[in-house]
Amino acid sequence: MAKIIRITDQPIDLQELVEAVTNERNGGVVLFSGVVRRWNEGQEVHWLEYEAYKEAAEEAMALIAQEVEQRWDTRDIAMAHRVGHLEIGEVAVGIAVGAAHRTEAFDACEFAIDTLKATAPIWKKESWEGQGGQQGEKWVENKV
Amino acid sequence: MAKIIRITDQPIDLQELVEAVTNERNGGVVLFSGVVRRWNEGQEVHWLEYEAYKEAAEEAMALIAQEVEQRWDTRDIAMAHRVGHLEIGEVAVGIAVGAAHRTEAFDACEFAIDTLKATAPIWKKESWEGQGGQQGEKWVENKV
Amino acid sequence: MSAQITIKLFASFREAVGEGSLNWPLPPSGNLTAGKLLAALVAEYPTLSGPSKAARIMLNRQYANPDAALTAGDEIAFIPPVGGG
Amino acid sequence: MSAQITIKLFASFREAVGEGSLNWPLPPSGNLTAGKLLAALVAEYPTLSGPSKAARIMLNRQYANPDAALTAGDEIAFIPPVGGG
């Protein structure tokens, strides 16, 4: 069972995620923080709006925690994803993993964010502006 | 030039490291935190004492930042290593890297901690106790 | 009251339908699969036709195949390509 | 005052010598390499004999080879296997 699994409309507290997986068993803790960039593929981003199928997204995150436990022998994983309106520079997702040794913590954390991006039912609408001044909003898909 | 390079006898502020490399250019931030474990190769650890050749260790960290910039095109790296007496569960080292995309941030952060452990002139004395009650202190070398 | 399925709608699906959730009656035969329900939904809301091709299915909050059989009280969602993280 | 080298000592080296730093005179010839200085230090402090085999050299805070030439004012350190991180 993971330490934290959370879809939230509040700012993500990265320190809380790190502390939840830091303990005397774990020599290495790795945190990933996903941040809203200003520039994406040549377009300027004004803001993002994240939408989630909350209960199913939390189940998808719990499945990730299960697989992390099977593959890297640690239950010390904490995951939070934000929904709602996000401005440039804000944190959209945070994942912290603690493990006995650092290689496991790096591998498990990267696996967790890769798998979350591929499987969690969460969507992102981007308000963008092109170089020529054209503007719009679009749903942005993760590359597989 | 790195954002933070620091050998310190004060507790490491991981939040400060993360914030120093979080900005609108970086879609991914990865933090590594190295923590004092209670058990190491079957022996119980009482405490650790870290010693550094401070100026040379900070130069070694600056070289790591240079190589990270050349290989992953980011100057957003923050590194801090603690010296002096550390108790179980305390943070000995923190490294945060921000990059445009997450794969670069993971790779650069893992490179940085691997290289720091191999090259920075920092030493660790461990106070240990064996299963049979025998005790001692020893300098512990990193595995290469 | 007839037996129903709850359809959850998100992102482009939600916008096309104009609702985040629909109640859908089970046919009198009781025979309905996820794939057939999606086809019926697209017939009702033709703007879903394009997006439906890339959609995955979640039945009771877990990924499922189009031939999954539906029963009264099930919660089904058609999942456009995701963009989390 | 004669020309000197500063030797910085850490960890097992510091404990063996009992000091964190030594001032070492340059020979009158002025010819001294890092490797020869290490050999002279081991001759003075025989308990360094074992640890010295695994030691690396830092000259003015950068890694250097045993044949690096020393000049007055240099700072040299013999680096036992490290354990940081």
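As written, the chain order gives the labels A, B, C and D, with residue 1 at the start of each chain.
We adopt the following convention: contacts are C-beta pairs under 8 Å (C-beta built on N, C-alpha and C of every residue); 3 or more make two chains touch, one makes a residue touch a chain.
Computed from a predicted structure; not experimentally measured.
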item	value
Length of the shortest touching-chain route, chain B through to chain D	1
Shared chain contacts [chain C and chain D, defined touch]	none
Relative to chain A, chain with the most remote C-alpha centre	D
Chain A and chain D, separation of their C-alpha mean positions in angstrom	49
Intercentroid distance (Cα basis), chain B paired with chain A, Å	24
Whole-Å gap between the CA centroids of chain A and chain C	26
Residue list for chain A, restricted to those that touch at least two other chains	34, 113
Sequence positions of chain C contacting 2 or more other chains	none
Chain pairs in mutual contact under the definition given at the outset	A-B, A-C, B-D
Interface residues, chain A side, partner chain B - complex	14-15, 18, 22-39, 88-89, 91, 98, 100, 102-103, 105-106, 109-110, 113
Chain C contact footprint on chain A (complex, rising order)	34, 50-53, 55-57, 59, 81, 92-93, 113, 116-125, 139-142
Chain C residues touching chain A - in the complex, by the definition given at the top	8, 10-12, 14, 58, 61-63, 77, 79-85
